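One chain, chain A, links the two complexes that follow: it is found with chain B in the first and with chain C in the second.
On to the complex of A and B.
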């Protein structure tokens, strides 16, 4: 009947299904595609017995900048952490999100009160804005940024913003905002495997492989 | 025609009710409509002058619950309102007459008040098979409605079936049912949705129309006075929603403590109706108060939104999640492996080509490649 209600119905129905299919298909495609690529064998003498341990170690050591870089980037690292933690709290702590995840995967856990979620969402939103400002003002960062960076930023920013707006009934009817929120999040899911956002999954592999290769060669990681 | 000159107040008095009762009724209705106190006086003054109107009540594809609900309206009861105060000239369920006598009575009432009567419709209108799914006295519902609408001063679609198609309209809609507004497209239809609507809302809308004319409507054609807020906006369990306290089942601690019913499928956040404020049965309670989530009965397509007990944030589609996503993963693995194999063979051919161009024999299998 109404276009607005249909927006939400579309978001909860076919759009959600399509986004999930693309997400799962895309992640496996990219992952298997990269892992099965031909690589040249390292002929050097392994310097350590279990190079893979170096891989595991790197996953964690790369979570914080090395001492040499700290004075220059530590504050941006912190902002990035605020963003990532805020986003994780919102995605995994809000009960409607948990119910959606439960509906799809069967997994469930207790949720957080809305005050915590709002705080986390606000922090994520502000840090995301700060990171964008940094990206466009920093001469080097700007040079190495492309469409992927900006579009991915937008696709993370929009669900956060529309989610907050829906929750607080700001700027429109709840069902319209909720529909927009869900659709923008679905666009994010479908875009994720094919963009830099794939680091959500790939960071484990890229760090692990880099760490294993270098530790085999005896490099300090 | 003489009857039509009688005012609403005259009819009230004739029904044995005092002027005081009439004023109380106006005050009650004004407060229902959230109008300022002065509006009650204006309403009383207007109704005292307004000729008693004729109401033609037509029922098509419906279950009669709207009429059941309406006849349980508050005091002065809707029975008083419609039988004594508003002239209910035709309703085939309530009237004693049947068959040809009833049809004749209706035609006569419509003829006498042509252009002035209030047309109340409940039920959806089947368009399939040339309208053959709902025929009375040899006339299909759609033809009957078109004709009756021509002589109506106002058209009120009562109940979700008349307003949005409701249950007859639900997939797969075998009769081709449509709401009233899809048959009558050239003028506004006041939609009083709900399955059934709250009786006070139906009364309130009729009285508002008589006193002040067309009420302000929302984008779904519903009077804003009653459908301006969502159930969730006015729900007394809202603090629990905000605190993240939810009932997980209908008999757990949360359910006993009256926590929010979102997880059990409550559609209050996207449902616009007055249940949380006016409540039901003379303000006694409403579904959420008695422990059940809102079904969203006053919204279009409420029957086809994935299930009453599915949380609002969950998917509406009933597709096999595991199978579909498993197949997507498998598809991804196949395509990924295929792409990698392609890359390998491409690498080999280009290596061979480079070697040939350089004049050296093509390399054998790269022994270092894994």
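On to the complex of A and C.
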């Protein structure tokens, strides 16, 4: 009994703290390691001034594929969207999550009804499975995928699954499931900075830079 | 290795220009052991490696969308042509040597050292099957500019002597003779004298002062000399003080294709110095896509300061002349479609000028389904058109273009890059196709209103 409560205490206490420290420090390290590399000033005569505005714009416009490309990619893009939105709804809409975020950051907002959360979690789980199936069957994805892709998948999948199980008290004691859920989510946070999951931060920079470079030339992007 | 021009003679009687098909290929240059070759590859690769390239290396999410828009994957279905995969060894090297977690990767032996054999294997992916067209940049959800990374990878390959035979031989010639295709200053002089006679136009060469320095690509000198006449007609009509210079005329930059940084810089310096020497306010680049990329967007950076003159692609100049009412045109009763040269349009930012010119010519413009910044490459950019062993693959990618052009139902196919043009010529001959790519510049020159006319 006490061992199991300890699991939850551990997950709520030191594990959470450690995960958050690794997350923040890791992202910082990776970003600085990249942004501190030399940046040569572009001496060519710009066609468009204030090209950084184009960079900011690209961060948003690149959220959706151009008409020309849609026939070949839209279906999987849509699945990926379902996953991302589902995950965001679960992370930001579930009341206990909001309470945790309030404890850490002081920010809070109203939660979403249970039905919505369950639906979102289910949609995220199913789309994740579909994306995995896609990754292991599509020749391009098989070619370019590595350990990071599969491990990251697993670390996103597990907290979703354990979260749903805890929520519905399925397959074990609530405290155990909650402890597992928290630990798996913490593992995810600690892994994020070192993996492809860092795209949650990097997309701002890589889109922004390309947007600025192309805009400076007066090119569409 | 020396004696490139005797050992590897140019082939000038084919629809596209290259060196003669080599009996024995030299795709590996210089004598050095593997350790040194590798070391050079890595040093060449990281030389211009800055935070932008590093950001790209960190950002890929392995979504595979880039493959879906790359002509090579689309036409073959072979996953090795996935754009980001073309950089795999360099990505490994980056993670192991430069990236923020490089010490960990090395400490825990998580990334192996790349081998020379791998680089040799990747030569086909870095050169033969990437025209640096930049189409993948337009789809990548992370906005990774793969074409520019391929450019960096080529720096590494060139430093290590791992350039495909034809590109390397062409660069040797360019650096020795000032032109990659035998268009030496003497040849240029001859051509100009002959064209002046034949066409009764004045083509100034080596004036000491001029407002405009005109440049030309050796593809035009050797294959499309009528472009030179067209330029002369237009400059005459614009009433501009202009000149060619035999110390700075060659606009192509095959060193850039090969990845030879030093050679690229030298080729650009020639043009820059010639423009400064004649006191030019404007340097005009001819119908040549990569020439625009090399000088307009990279020239100042290689020179080390901003250029004291403006650089225009000839189409921009034509559009300006039309806008100012200095180039009156006779209407052309025809429909046309325009092939966007990647380096001028998608990666150069000259989107509207060619369309403006076509409208002024009165043609009915029938755009391809995917055009402008989203066009399909002709398949010959990035130096690919010179590589014999890449021909079968190039014909496959060319079929996209043929289909696109056919679908428009337009009578004419027009473009503004002589490298695209020779790729079209070569593809046309191969497929016995009835469409010939025409030069926008020549169309304009052929439809100038007559001197007294006021139509």
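Simple rule for what comes next: the second predicted complex is superposed on the first by the 220 of 221 C-alpha atoms of A that agree within 3 Å, B and C clash if a C-alpha of one lies under 4 Å from a C-alpha of the other, contacts with A are read in each partner's own complex, and residues count from 1 in each chain.
Simple rule for what comes next: contacts are C-beta pairs under 8 Å (C-beta built on N, C-alpha and C of every residue); 3 or more make two chains touch, one makes a residue touch a chain.
All values reported here derive from a predicted model rather than from experimental measurement.
Annotation for the three-chain superposition on chain A: chain B and chain C fit side by side. Shared-chain residue A:36: touches chain B and chain C both. Look at A:14: by the touch rule set out above, it reaches chain B but stays clear of chain C. In the superposition on chain A, A:178 makes contact with chain B only, not with chain C.
Looking at the shared chain after the overlay, A:104 reaches chain B, while chain C stays out of its contact range. With both structures placed on the common chain, the touch criterion links A:52 to neither chain B nor chain C. In the overlay built on the shared chain, the residue A:151 is in contact with neither chain B nor chain C. Of the two partner chains, neither chain B nor chain C is touched by A:119. Following the chain A superposition, chain B and chain C show a smallest Cα-Cα distance of 6 angstrom. Within chain A, the residues touched by chain B in the first complex and by chain C in the second are 29-30, 32-40, 43.
In the complex of the two chains, the chain A residues touching chain C come out as 29-30, 32-40, 42-45, 47, 58, 62, 65-66, 68-69, 72-73, 77, 80, 138-146, 148-149, 194, 196, 198-199, 202-203, 205-211, 213-214, 217-221. On chain C, the positions that touch chain A within their shared complex are 48-52, 54-56, 58-65, 67-69, 73-74, 77, 79-80, 82, 84-85, 98-101, 137-139, 141-145, 296-301, 303-307, 310-311, 345-351, 369-370, 372-374.
Within the complex formed with chain A, the chain B residues making contact are 164-165, 179, 219-220, 230, 232-233, 241-244, 246, 262-263, 269-270, 299-301, 305-306, 310-317, 319, 321, 324-325, 328-333, 335-337, 339-341, 343-344, 347, 366, 368-370. Those residues of chain A that touch chain B in the shared complex are 1-2, 4-5, 8-9, 12-14, 16-17, 20-22, 24-41, 43, 95-97, 99-100, 102-105, 111-114, 169, 174-175, 178.
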